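What follows is chain A paired twice: with chain B in the first complex and chain C in the second.
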Partner chain A sequence: MLEAHRPSDWAYRLFVYGVGGLAILFMVAPVAVGLAMSFTSGQTLKFPPDGFSLRWYQALLDPAQSAPIHTAISHSLQIAVLAVIGTVLLAAPAAYGVTRLKPAASAAVEPLMLAPLVLPSLVYGLAALIASGRAGLSPSFGLVVVGHIVVFGPLMYRACAAITQRLDPSLEEASALLGVSQFKTFLRVTLPLMLPGIFAGMFLVFMQSLDNVSVTLFLADPRTTVLPLRMFQMIEESLDVRVAAISGLLIGTVFLCLLVSWRVLEPRRQH
Partner chain B sequence: MEKPVSTSPLGQTLAVSGVSHSYAGAQAVDDVNFVVPAGSIAAILGPSGCGKSTMLRIVCGLLRPGVGKVMIGDRDVTDVPARERKVGMVFQNYALFPHMTVAENIAYGLSGLPREERRERVAQMMSIVRLEPFANRLPRQMSGGQQQRVAVARALAPRPALLLLDEPFAALDRSLRADLQFEFVQLQRSLGITAIIVTHDQEEAQSVAEQLIVMNKGRVEQSGPPAELYDKPANLFVNGFVGHASLLKATVARADDGNGLLRLASGSQLAMPGPVGFVPTSDVVLAVRPEHVKLAASPTPGALLAKRVLSVPLGHLMVHDLLVEGATPVRAIADRASESAELPRDVFVSFALDRCRLFPAP
Partner chain C sequence: MNRNGLPFLLPMLALSLAGFVLPLALLGVFSFVDTSGSPTLANYQRLFADPFVLSVLVDTIALGFKVVALTTLIALPITLLYWHASPALRRVIVFLTLLPMLTSNVVRTFAWIVILGRQGPISQALVELGLAPAPRSLLFNETALVVVLAQIELPLLVLPVMAVIARSDGALSAAAQTLGAGPWRILVTVLLPMMAPGFLAGWVLVFAGATTSYVTQSVIGGARLIYLPQFVYREVGVLFQWPSAAAVAFVLLAATSLIMLAMTAAARHPRLAGHA
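Moving on to the complex of A and B:
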């Protein structure tokens, strides 16, 4: 640091900025290309775009032209919202509960909680299909939601456990000594302190669920079309520019979500 | 402090009798008995792991003792859970709710009160601990000393019969500590509450408490007023833990006529001014407080030869670390005004033997 011209220092900078720059390039450039193509005035997907227009966004929003896409979007959103609710109700309390176990017990339970995260979701999807078939359940919308809760539960669990494991146990003791019941202590002390973790988990689960193909592919019935699968079909059938327009909308939505979570969560984090 | 709190009820007497508790087979607290009179401060003092924190958790109800009884006033609370015990607690790390303001923290235990009364009580508590300007601050925006006062105010707000403090001054600067200790004692007196403070710092215990309860290895070694423990420690542990004492190993050479005679390990003899209370040939330890050691530049009858290792001025005092007869470390404290000239390296040491204590050798 003091001697800025040492060769190792140059190598260090080259490595960090070089690799970092390349990573950003590889991640951002395709997004930028997709975004640029969505504004084309031409008939097909190509880069550079022929001209600028919003015609494909118009087509995408038009119910007469894009009803199947709207259905897929609606399914995807419903699945994502239900998966978020499911993980909030199941994984967040689990993260709280594990901190109250004895160390040996929590060490045994934790890998089980995180197992779905390390298992390829394709394997899980197939296994869940076979298992549910054996149990007499056929693929359905509900099964997809359950699958998403199982596969993305660990994301919520991890986000919450990061906070609950650092919660000072004397806070709950202080609350008890002030005469407040266990349930009210949870509502007034533990839950508010867990909120940043729950919000972070909700964001992760929502995005992953919206994006997921493999679990849905196995567990959805033919009527439950979802957005990623629908987009894939459209690309296969024709180079439909509306796919780029959907991407544009998704990018915009994610960007807004990130912006909101920054504004809402960051002031809390500084506690 | 400035404003008297007329509505506060007087504190109640705490009586702990025959309390024992073990964690997974390890005895943490063993047959503990003590009484803290209403409106007084007691300090549970001891090294870490002596069971003092376990004792505190038993008193506040976070831990149910295996055996024994806890009485607050004339109520047996042994089986009363913590949230119904009406005991205030100041945690070592204060355990303030980080997402709540100072006022919200103090109001936390008052949800049973009508809104208007709650608001008044919070204002009253904040004025008692002089935190009115900080009502809307979050704990992390405050200094350690301020956080400590919030913790005290929060614990006192529901008007507990008893206030417990777990090492409340340990996290504070030394200079701040004395001020807050003084403030706390004043507050406790004006409220008339019974308080128990747990600490490993004997100076802190002596400066705050009217009664010391010295614990070691899960047992109460001795309890009583600080001066009594200092002047008449019941055993070597209390002797060493409350104040400083130098230890000289010796054997009882003569005990028959009212005046005993000790033979030190070096062979020198010390004539005791009274009966020693041990049979001849017993191995004993002579405990000498630093202020009972006299130094002289020239030999006096019965004095021992010592080498001055280090002499450090401490305010108006001079602290001498000596090696008596070349082997035994002894500390001496003298008024600097009384030491007319610089002492030589080799000095002669005599003890105020009527003030020293004899204990059986461990």
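Moving on to the complex of A and C:
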């Protein structure tokens, strides 16, 4: 602050506040554009739109016009919910179990649990297709769910491990001294403490599953249409403005979820 | 006190071995056999002898590097703004980073079609300013694809760097300031080395995301630009060339891993990390 009048300092401030602000605008603007586009009254993707209307939302909700989209949304929601349940059941206990291993063992297991995060999911989609074909399974709804659990399990695992690695062991010791079995201790003592991590993991897995293309592309049968691929088709075929309405719905959902978690979780984090 | 973690770990471990390790091993085996099942190197020989496949591979890796470079240029001022921001402003910046990150990739790709399309704001502005004679689409070229992928992958680079900043304390930069260092000097000698681990973690994610984003590459790049995801999908879905697709996927995996290892090694290099 002593030498704030030096030209290099002015340049630095311009870089940080001017360019930084523009860069944030670049990062966020497309989301705002997607939302604004969904309220157009026009027939095309002209932006800025000529007028405001809810016609594309009406078209999207109309079962007569948009039945295939509804089917795709329903499939995607089912897959996402099942993936969330699967990752909670598998990854949350694993995140606890790994902290109760000998250090050498947990150091060996940890990278294996996290590996699907860094692998390009396209490579995994192909590998899973080949492996399931060898096992005599053809692409299906169930395979997509299993694929999503494998690929997004690490997200749940990481969110829970952030908590289990800091847990105070004396809580469990107290429970053990009172003669409670390890499993009951986990359910009654450890699991409640893990809930913030589980909720964060559920949110991440749900959003990622809803958006996934590369795993679904390989593992889904033709009847299992999903929302992102349906949108992809609609964009490729006709630049259908209903895609804007779907975008508006998805952006609104993310915005609301973020706002809620921002209000609910943040004050606690500041102690 | 004898607590055993293994029973809690076993279900996920089983899924990981059967659903992840085994398929990848099979993919590896598949890339080394021919259609009758006997071992061969032909799949790889064919790949590396085919100039089209080689160009797809080189284009894909080049695309990854271009997107990493552009996201780095854009992420730096954002993370510096975060570094200088008050706690309240920091929360707003985190919110504005999470919002696009959690918004579906397909939705963001769609928004870019609106922005770069013939009737979009940029095309209209070019006509108004007299820089273009008539409205035209700015889509379907590599520059547009790099810009769009940079926007889509940007939060994956910004967040890890902000996480590193949030954990650091300002003592080092305050000390440098007391000793008379200007802001640019502090940026290069204190802040950049401090942020390097965050950038490294982000680069890996950005590279992996940019090279494998099937939808964005297809929609923004158009039909004439072919990258590995489209190529792999065509081999499998249209031509049923599984062994050759497996070989391509394995080359992609190997290339990605090598580049990630190189980035990690570079970040540990004393000239890059030694200042901290």
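The rule we apply is simple: the second predicted complex is superposed on the first by the 235 of 271 C-alpha atoms of A that agree within 3 Å, B and C clash if a C-alpha of one lies under 4 Å from a C-alpha of the other, contacts with A are read in each partner's own complex, and residues count from 1 in each chain.
The definition used in the following text is that contacts are C-beta pairs under 8 Å (C-beta built on N, C-alpha and C of every residue); 3 or more make two chains touch, one makes a residue touch a chain.
Only a predicted model underlies this, so the values are computations on that prediction, with no experimental measurement involved.
Of the two partner chains placed by the overlay, only chain C lies in contact with A:L250; chain B stays clear of it. Between chain B and chain C, C touches the greater number of residues of chain A. Look at A:L193: by the touch rule set out above, it reaches chain B but stays clear of chain C. In the superposed pair of complexes, A:M37 makes contact with chain C only, with no contact to chain B. Within the superposed three-chain model, A:S175 lies in touch with chain B and out of touch with chain C [touch as defined at top]. Overlap of the chain B and chain C interfaces on chain A comprises residues 173, 176.
Those residues of chain A that touch chain B in the shared complex are 168, 170-171, 173-181, 184, 188-189, 192-193, 271.
Only residues 1, 3-13, 15-16, 19-24, 26-27, 30, 74-75, 77-78, 80-81, 84, 91, 93, 95-100, 102-115, 117, 119-121, 151, 154-155, 158, 177, 182-184, 187, 204, 208, 211-212, 214-215, 218-219, 228-229, 232-233, 236-237, 242, 245-246, 249-250, 252-253, 256, 260 of chain C touch chain A when the two sit together in their complex. Note for the complex: chain B touches chain A at residues 60-62, 81-89, 91, 93, 95, 97-99, 108-109, 111-112, 138, 140, 154-155, 158.
Across the complex, chain A meets chain C through its residues 1-3, 6, 8-9, 11-12, 15-17, 19-24, 26-31, 33-34, 37, 44-48, 89-91, 93-94, 96-101, 106, 109, 112-113, 115-116, 118-124, 126-132, 134, 146-147, 149-150, 153, 157, 172-173, 176, 182, 186, 207, 210-211, 213-214, 217-218, 228, 231-232, 235-236, 239, 243-244, 246-247, 250-251, 254-255, 257-258, 262, 266.
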